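Take a look at the structures below.
Next come two complexes, and both contain chain A; in the first it sits with chain B, in the second with chain C.
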Partner chain A sequence: MRETVNKQETLWLLAFSPAIWAIHFLLSYATASVWCAKISGRDNPIDGALLAILVYTVLALAGIFVVGWLGYRRHRIGNGNLPHDDDTPEDRTRFLGFATLLLSGLSAVATTFSAFVLFFFRRC
Partner chain B sequence: MRGCVALFTLTILSGCTGVQSALDPAGREAGTIARLFWWMTIGSMIVWLGVIVLLIYSVRTRAESFTRRKARIMIVGGGVVVPVVVLTVLLLYGLAPIPAMLAPAPPGSLKIAVSGEQWWWRVHYLPPGQAPIPSANEIRLPVGEPVEFHLESPDVIHSFWIPPLGGKMDMIPGRKTRLVLTPSRTGVFRGACAEYCGASHALMAFSVVVQQREEFAAWLSHQSQPAESPQELLAIQGAHLFLANGCSACHTIRGTAAAGVVGPDLTHVGSRLSLAAGILPNDPNAFERWIGQTHDLKPEVLMPAFHMLPPEDTRALAAYLEGLK
Partner chain C sequence: MRARNTIDQLATDVEPLKSAPPEDVQAAQTERLLKAWKTPTGWRYWSAVNNSEVGLWYTAATFFFLLFGGVLALLMRIQLARPRNDFLSAEVYNQAFTVHGSVMMFLFAIPVFEALAVMFLPQMLGARDLPFPRLSAFGFWAFLLGGIFLAGSIFFNAAPQGGWFMYPPLTSSYQKGIGPDIWLLGFSFIEIAAIAAAVEMIVGSLKCRPPGMRINLIPLYVWYVLVASIMILFAFPPLIAGSMLLEVERAFGWPFFNPAGGGDPLLWQHLFWLFGHPEVYIIFLPSVALIAMIVPTFARRAIVGYTWIVLAAIGTGFLSFGLWVHHMFTTGLPGISLGLFSAASEAVAIPTGVQIFCFLATIAAGRVVRSVAMLFSMGALVIFVLGGLTGVMVAIAPFDFQAHDTFFVVGHFHYVLIGGALFPIFAACYYFFPLVNGKQLSEKLGRVGFWIAFIGFNVAFLPMHVTGLRGMPRRVFTYEAGIGFDALNLTTSIGAFVLAIGIGVIFWDLLRPKGKQPYSERNPWNAGTLEWTQEMPGKPWGIRSIPEIDSRYPLWDQPDFIRDVDEGRFYLPDAEEGLRETIVTSPVDATPEQIQRLPGPSFITLIAALATGGFFVFGTFHWWWPALGSLVLATGVIIYWLWTGTGLIPEKHEKDAGLGLTLPLYSSGPSSVSWWAVVITMLADFTAFMCVIFGYFFFWTIHDDFPPANINGPGVMWPTIAAITLLLAWASTLLARRWNRMDWPTGFYAGIVAAVVLALAGTAFLLAGPWFTRLDPTSHVYSATVWILVIWTAFHIVIGVVMHGYCAARRIARRMTARYDSEIVNVAVYWHFVALTVVITVAVIAGFPLLTRG
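So, the complex of A and B:
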C-alpha cells in the first residue's frame, strides 16, 4: 500500500524512536538493579538480567526499525527531493518522514551502545 | 601575556606528577585509568583536528566543485559513519577495563575497612584470621598485592580517592561499597575526600605509605600492640591529663583506660605521618595547635577546642601524644 499525504500531519511518529531508546535504557537499568538487589545479590552472575536486556534490545531495535521504515516511506512520497523545504503539505510530510528516519538511526546506535554492557558485565 | 602562558603551563604540568597525581600512577588500577585518559585525550585531539581540517577544506573549496555524490559522501561519511565508528571504538576501549577493576580481590587478600567521617578517616585492618587492627587518617599497604577496601560512612556521602593508586569510590551512609587497589611501587602518596561533605571537606586527607611486604607486616604487627607507657615526666603528666580532661570519652588509647570510639584511635598516633587528617605535620607544636585551636584549623569539627587549658598542660598532652609511636 502506498503512503499518502495527510493534511493533518502528526508529530508523534517523530518521537517514537527516541522514546523506544529511553524506555529500553530505563527498563534495562531497572531490571539490572532489581535483579542485583533482590535476586542474585552482590558478586553473583547477572545472567538472568542480561538475558532480559538482550530481549529488550532485540524488541527495541525491531521497533526502531519499523518506525524508521515508516519514516522512510513518507520521505519517499511522490517525487520530492531533499531538502524538503517547500511550503506544501507534501514536503512537510517528506520532511517529517526524513527526520523520523534520521532519529531512528540515532536511536538504533544509542540503543546498541546501551546494550554493549552485555559484553562486559557478567556480575552485579 | 608570555608570563600568563608560562604560569598556565606550569599550573597544568604540576598536575602530571606528585603524591596526589592520577597521571603519575603507582598502582595497577591507576595505570589503567591513566592509559585510558591518554588514549581518550589523543582520540579527542584527532577528532578535533579532523573537524578543523574539514572546516578549513569546506570554507576554502568552491561549492560548485562539489558533485552531488561527493557531497553525499562527505555528509554521510563525515557526519554518520566516522563518528559512529570512532565513538564505538572509544566506548569499547573505555568499557573493557571496568569489569577487572570492579572484581573483588582474590581470596586471602588483605582487607581494610575505612569509614569516612566528618572530617577524618576511621581505618580497620582486617588481616585474615586475626582481630581487626584499628588506626586512623593513614593507610599503609604492601606493594604488589591486591588490597580490598570496604568503604562506608555514618554521616554524609564522602568519597575515598588515592589518585596515584586508582579510581575513587563513594562512601554512602547505609551502604557498603568496595574498592580494590594494587600498588605497584613503594612510596608515600596522598589520598583525599573527593565528594563535598561539609565545611571542612577540603581538610579531609590522609597519607598512604606503600611498603615492602616484610616492612608492612612488621608495621602492622606493631600497630596491633597496645600503647607503650610514657617514660618522661612531661609525657606521664600528659597521660594523666588525657584522662582527667575527658579526652578518653572520645578517643581510644589501647593499654590505657581511654576507650572512647567517637574520634580517631590514638594508640599509635605519634607514628603517623600527619595529624588531623593530613592537614598538620606530626610534631609536638602541631599537637599543641590542634588541641588549643581545633576549630580554627578545622571548622565545625566535632572535637571541642581545649583552649581553656593552661599552656603547660597542652604541652604535656602534646608530649604524651607525640610519644605514642
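So, the complex of A and C:
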C-alpha cells in the first residue's frame, strides 16, 4: 500500500470536477447566447441549443463521476477513517481523495441545476 | 541541490532535539535573531517591511476607511430620516452613496482581508515572514495613496456620482467631471495592490508552510485565504480591463460602451459583475475563515468536518464565478441565460450552508467557553444566514424583477456583508488582539458593544426589506410623505445611529490606552493552532525556531511544543549570518526545499508606490507629461529595487537548517518562490487580456455585421508577419535561457540580442496592421477593440524587452550565472505568456474576420 501513496501528489485533482462544472456552465451560456443572437432570434424555438446543452450535461456528469470515483478510491485506501488528520502520506492522500469526492458531488448537483433550463425554456 | 523527496523523507517524522542547547548558546542565538529582525526606530520605523508592522498599518488604515464610510452612511440616514429633507443636496447625496459603497468595498472589505492575512498568515504557518515582505509593504503604500485620493475627492465636491458600480453611460457621457476618472484610475491602482497581496498569500500558503504541515493539516484559515487569493487572480482582472476600456472611452472617445459608435453599456455590466460577484465571496470567505479559527478554540475540540469546510471553500470559489448575471436579471438578456445564472445562484447556497453546519456541529459536540469572540461569531452567523436567505429569494429571477433596485436589495446585502464580514472581523479583533500588542481587549466593553451593534443593526436593516417591498427605490435622495415610507425610514435611521454607537464602543476598546494593563498570558484562549505560540508581547522574528508539524492543532497534540519552539529545538534557531531567513517547503507535503533569504527594511517600497501612484493621479487630471514622467520614474525605481534586493547570489550554496537538515540557499524554476510569483501574476494579467477578447466576441454577438463591412483592417499580412517574428523572439528567449544554463555566455548574449531585435520588429509589424489599414478607433468599436488588443500586446512585448535587457545586465554584472539563473528562468515564463497573448491576438484580429466574411 505504501508504494501507491508515497508518490508525489498534486492538488490538481481537487479542481477537476468544479472545472468541469465551469466549462459546462460557460459552454451552455455561450451556446445559448450565440444561438439566441445569431441563429434563432428571440422568438423562435431553440431546440438545437437545448440539445447541445443536454449533450454537454451528459458528458459533464460522466466526467464528474469519473473524477469522483478516483477521489473515492483514494479516500478508501487502506483502513483509515475520517477525519484523515494523521501526519502520514496515506492520510494526506485519503484527505485529497475525500475532498475530491465531495467536490465532485457538489459539481454534479450544480451541473444538474444548470441543466434544469432544459425543462423551463423553449425560446430565448 | 534540490532536497530529496525520497520515500523515507516523506514517511518519517522528525522529532525536535532531545535536549535543549546550552543556555549561553540559546542566548546568543536569540540575540542574533533579534538583531536580524530588529524593527527600525525613529522616522525609519516607516521603512519596516516585517509582516507584523505592515499588517498593523494596513489594518489600521482599513479601519479608518471603515469609519469614513460609516460617517457617510450616517449622513445619508439623516437625509432619509424624514421626507423631503434638505440636509444633503441630490448631488452630494449621489457622491455620498457612491463613495460609501466604493470605500466599504474597495478600501475596507477587501483590504482588511489582505491586512489580517499579512499580519497573521506567517504566525499561523510558523514562518518568519511571508515570502515577499517588500511586496506587502508596496501593496500597503499603494492602497493608502489610492484610498486617500478617492476618499478625499468628496471634500472637493469632485467625487464620482454613478454608484459604486460606475455604470456607463451615466459615468461616461453624463458626467464630465473627474469623479469617474478618480474612481477608475484610483481603484485600478488599488486592484494592482490587491493582486500583489494575492500573489503573496498564494505563494505564502503553498510554499512557506512549516515542515510536516501536509495539505491535510493546514489551518482552515489558510485554506480560505488560498481560495480567496486565487479568486482575486480571476475576479479583479475583469474590472481592471473594464476600467481601462471606460477610461479610454472617457479620455480619448473610443466608443466601447457608446452605442453611437457600435459599443454597448452592457459590456461594462458584464465585466463589472464578473468582478463584483466573486468579490462578495472574496470578502466573505476570509471572514468566515476567522470564525473557523475561533469556533474550535472555544468549543475546546477539533473542528467537525474539516474536509467539508475545504469543500465549501473551494466549491464556493468556483461557483461564485457563475453568478454575475444575477445582477443583470432586468437588462433583457435571454431567459435561458437568466435560467443558467439563477441555477448557479441557488447552487452556491449549498457549500455556503455546509460550512455553517460544520460550525454548529463543532459547537454542539464541544464544551463551549463563553467569550466576546464567540458572541460576535454567533451574531455574525445569525445575521449572515438571514442575508443568505433573502439572497436565495433574489436569486430567483421573477422575484428579482420586483425587488431589483429597491431597498430590499440594500437590506439583503447589508445582512450578507455585515454578517459575513464585519461581525467576524470584530470577533477576530477580540480573539487576535493579544497577538498584536500583548494585551487583551475588555470582555465587558466587548459584550456591551456587541449588543448595541447587534440590536442597532437589526433595527436599521430589517425594516429596510419592507421599505423595499413597498417600492422605495435605492439611490434616491428623498421621498414624498404619506406613501408608506416615513416610519420605516425613521426607524432605519435610528437603528443606524444605534449601530454606530455600538461600533464606537468597540473602537474605544481597541484604541483606549492600555499602558497600565498587564500583558496577557501566553495563549490566553488555550487555542490549538500555531499562531498562539507567540510570546506576549510578540517578538519581531515571527517564531523562535520553525517547528515540525504533526497535527492540525499542534499546541494541543504535540507535547512540550511551545518549550521546544522557544528553546530552539526545531529548525533555523539561529541567524548566523545576521540575515532574515525562512524555510520554503513543497506545496502538498511541506517537505523542506530551500532556505529563503528575506529582505530587510527599505523605503524603496514607499518610493515605488509614490512613483506608480503619480501615474494614476496625474492621469486622472489628464496631465499626460507628468503621468508619463511618473511611469518612467516608477520603472526606474522598480528596476533599482529588483537589482539591489532580489535574486542575490548567496555566499555559499547550502546551509545547515538544524535537525540534520541541509538546504540550498538559492533555487530557480518551480521550486523557487519567485517562479511561482511570476506564474501567478501572469495568470491575472492573462485573465485581463481574455476579458478584452471576450469584449471582441461580445460585440460580435450584438452586431449583425462584425467586423463591419465598410472597415477593412487590420488585414492578414501584417499580423501574420508579426506573429511569426514574435514567436521567434520567444524562441530566442528560450535559447538564451538554455545557453546561459550551459554556461556559454556568447550564446546567451546572442540569444538576448536576437530576442530584443525580433521583439521590437514584431511590435512594429503588429502595429502596422491597424495603422496601414487606417483603423480609426474613435469611429467604431470594432476599430477600437482591434487597437486596444494590439496596444495591450505591444505593451507587454516592450516590458518583455526591458526584462531581456535586465537579464543581460545581470549577467554582465555577474549577478546572474549559469547556476544562479532565476532572472532568465522567470523572464522565460513571462515570455510564454507573451507568446500566448500574441497568438490569440493575431488569431482574433486577423483570423476571425476571415471566418465571418468567408
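Keep in mind that, in the parts below, the second predicted complex is superposed on the first by the 119 of 124 C-alpha atoms of A that agree within 3 Å, B and C clash if a C-alpha of one lies under 4 Å from a C-alpha of the other, contacts with A are read in each partner's own complex, and residues count from 1 in each chain.
One rule holds in what follows: a contact is a pair of C-beta atoms (placed from the backbone, for glycine too) under 8 Å apart; a residue touches a chain by one contact, two chains touch by 3 or more.
Since the structure is predicted, the reported quantities are computational estimates derived from the model, not experimental observations.
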**Message:** Quick one: is A:F98 in contact with chain B, with chain C, with both, or with neither? Answer first, second, both or neither.
**Reply:** second
**Message:** Between chain B and chain C, whom does A:D87 touch in the aligned arrangement: first, second, both, or neither?
**Reply:** second
**Request:** Could you say whether A:R74 touches chain B, chain C, both of them, or neither, answering first, second, both or neither?
**Result:** neither
**Prompt:** So, A:S33: does it touch chain B (first), chain C (second), both, or neither?
**Reply:** second
**Item:** Partner chain in contact with A:I46 - chain B first, chain C second, else both or neither
**Value:** second
**Request:** Between chain B and chain C, pick out the one touching the greater number of residues of chain A.
**Result:** C
**Request:** Name the contact category of A:A22: first (chain B only), second (chain C only), both, or neither.
**Result:** second
**Asked** When the two structures are overlaid on chain A, which partner does A:F120 contact: first (chain B), second (chain C), both, or neither?
**Response** both
**Prompt:** Where on chain A do the contacts from chain B and from chain C line up?
**Reply:** 109, 113, 116-117, 120-121, 123
**Prompt:** Okay, in this complex, where on chain B does chain A touch?
**Reply:** 80, 84, 87-88, 91-92, 95-96, 98-99, 102-104
**Residue ranges of chain A in contact with chain B within the complex** = 43, 105, 109, 113, 116-117, 119-123
**Asked** Inside the complex, what are the residues of chain C that reach chain A?
**Response** 5, 7, 10-11, 13, 212, 214-217, 302, 305-308, 310-311, 314-315, 317-319, 321-322, 334-337, 339-341, 343-344, 346-347, 350-351, 549-552, 587-589, 701-702
**Fill in**
chain A contacts chain C in the complex at 2, 6, 8-11, 14-15, 18-19, 21-22, 25, 28-29, 32-34, 36-38, 42, 46, 49, 82-85, 87-89, 91-92, 94-96, 98-99, 102-103, 106-107, 109-110, 113-114, 116-117, 120-121, 123-124
